[in-house]
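Shared chain: chain A. Partners: chain B in the first complex, chain C in the second.
Let's turn to the complex of A and B:
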């Protein structure tokens, strides 16, 4: 029983010109069996901050509930939204709290920080942050995603081109992974709007 | 291994469970009702470890009733499902309940809904769900024949088809099943599908 491969997932985030995109697959499985093809893995923390949680679905749900709780408290006290960098440190700290009994999730965090500068990062299941300027990946399809993103990524893409790139990278990677896929879910976020799109992919 | 399955249509939801209580190679009884009524409009079909199933479902039922007493209004199906998930998630890293759950309910404003809750507390709202070895057959039959606009009679025919397939193809198939429906009028027993009468001696 490989815990990280129990449910199956693929999450990727990319930076563009004053925008970012975050995408995930839509499969919820229990090992070889597919339970659902509309499972949400990317959650909104606030309108300029998104977190994608790959790994074990139950821990992703628990972790998301804890993070929303902490952000709501922060918002009440500070009377403003959390910056992505701050949020990433919060997630890292919450994950390390469970160092010897961890949440089996690998988060991908993407947001627009000060002056709407795009910020992305990922971390492992015990909170080791990995900042990147171009793209971050996680999930069972991560190795394929690294390859696809490395070859398809260009810096400073406009939102439309960024959407195309991240979508193609996601779909081609999950097609090489039996545990993820069954469609795609892409958010493209600019300082003024959030576009949510569902991708039609191979349903196998 | 215990089978539970169910699906939701436009006006009602159905939950079906096998009726055998088994201990290793011995069948204790074949008329066990594994679908608990949480309240007038909710059904909780559970499969898994016998003791955990009985204890956990009763615990949820009593807490749902307590909420109603304290607050004067019943929980919605979504709230009951999230409460159940929360209890499973809290117990997961201490002493997990080995119970898989299908929660079906009818709410006045949102209609019928069905929730899949794994024993490791993965929660997802679905149209059709199944657990156990029977799921391999039931899910395929439901994927092929389920439509959201089915009538109760058509739905029961589909349930019969699923049960026939399980009886035909599963080597240790449970002989008896219980079918329950929840709709606007409430949660009620629809029928027992019996092929081995409790208390009778089969002719050799």
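Let's turn to the complex of A and C:
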């Protein structure tokens, strides 16, 4: 039993010109059996900060609940939203707290920071942060995602082109993974609006 | 996925089906071959020809099922040369069974043999792990078949026409592909209406 391959997931985030996109698949399975085909893996922390959680679904949900709790407290005390960089450090520290009994999740964090500069990062299940300027990936389909993003990505894409690119990268990668798929969930975030779209993919 | 997975033996977590109708048989399968959770081939062909009039659906270990099919093809062709007429589905299935049963400790493959001969018409033989041989009006196998037992209980009936049988097979494989992570890709079917010619879809 591979704990990271119990539920199955694929999450990816990409940076564009003054915008970012974050996408995930929609499958929830118990090993090979598909249980749900509209399972949410990307959560909103605030309107310019998103977190996608791949890995064990129960840990992803619990971790999300803890993070929302911490962010709400922060908002009450600081009277402002958290910056993405700060949030990433918070996630990292919460994960490392459980160093010897970790949450089996690999988060992907994407947000617009100061001056609406796009920020993305990923980390492993014990909080090792990986910052990137172009794209980050996570989940059972991560290796396919690396390949797809590396070849399809180019810098400074406008929101519409970014949407196309991240969608194609996601769909082609999950098609090579037994445990992820059943369509996609894509958020494209600019300083002024958030566009949420559902992709129709192979249902196998 | 890890390096272990990429070098793991290819397995065809699969859905395979054989349904006999009035005048022949329809065989169906998905097209996904996986190594661990990576999809090694998304357009594989799991329905293999043994003779002009007998086909086999393969599931389980890709290597094991391929080698068994190859040996069966060899032995059947030799048998046909001696016999002087097309092989019966029963003899083809029994050759498969002899190999599966005789090498049961080494093999991990479940097979469904289906075809048409002039003595018995359309017949389906199921040969699961271990080498049991079972003649059935319809057979399902592979990891995706778990999701189809209830469906077949409800949807299968005796004396179907060719069109009904083909539709049933396609629908069933599609349903299993939807639920089973180890099945996917396209639905391949083969209809064997008699020993003269065979149709591919």
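Here is the rule we use: the second predicted complex is superposed on the first by the 204 of 204 C-alpha atoms of A that agree within 3 Å, B and C clash if a C-alpha of one lies under 4 Å from a C-alpha of the other, contacts with A are read in each partner's own complex, and residues count from 1 in each chain.
Here, contacts are C-beta pairs under 8 Å (C-beta built on N, C-alpha and C of every residue); 3 or more make two chains touch, one makes a residue touch a chain.
Predicted model, so just to flag it, every value in this text is computed and none were measured.
A.B. asks: Of the partners chain B and chain C, which touch A:95 in the superposed model: first, second, both, neither?
C.D. replies: neither
A.B. asks: For A:56, is the partner it touches chain B (first), chain C (second), both, or none of the two (neither)?
C.D. replies: A:56 sits against chain B, while chain C stays out of touch.
A.B. asks: So, A:7: does it touch chain B (first), chain C (second), both, or neither?
C.D. replies: first
A.B. asks: Quick one: classify A:33 as touching chain B (first), chain C (second), both or neither.
C.D. replies: After superposition on chain A, A:33 lies in contact with both partners, chain B and chain C.
A.B. asks: Counting residues of chain A touched by each partner, does chain B or chain C come out ahead?
C.D. replies: Comparing touch counts on chain A for chain B and chain C gives C.
A.B. asks: Where does A:140 make contact in the superposed view: on chain B (first), on chain C (second), on both, or on neither?
C.D. replies: Touch status of A:140: second partner only.
A.B. asks: Can you list the residues of chain A that touch chain B in one structure and chain C in the other?
C.D. replies: Comparing the two interfaces on chain A, one with chain B and one with chain C, the shared residues are 33.
A.B. asks: Quick check: in the complex, which residue numbers of chain C touch chain A?
C.D. replies: Of all residues in chain C, those touching chain A are 1, 13, 30, 32, 34, 37-39, 42, 143, 147, 177-185.
A.B. asks: Can you list the residues on chain B that touch chain A in the complex?
C.D. replies: 85, 89, 92-93, 116, 118, 120-124, 126, 129, 135-136, 139
A.B. asks: So in the complex, which bits of chain A are touching chain C?
C.D. replies: Answer in residue numbers: 5, 8, 29, 31-34, 140, 143-144, 175-179, 202-204.
A.B. asks: Please give the residue numbers of chain A that touch chain B in the complex, ascending.
C.D. replies: 7, 28, 30, 33, 35-36, 39, 56-58, 61-62, 101
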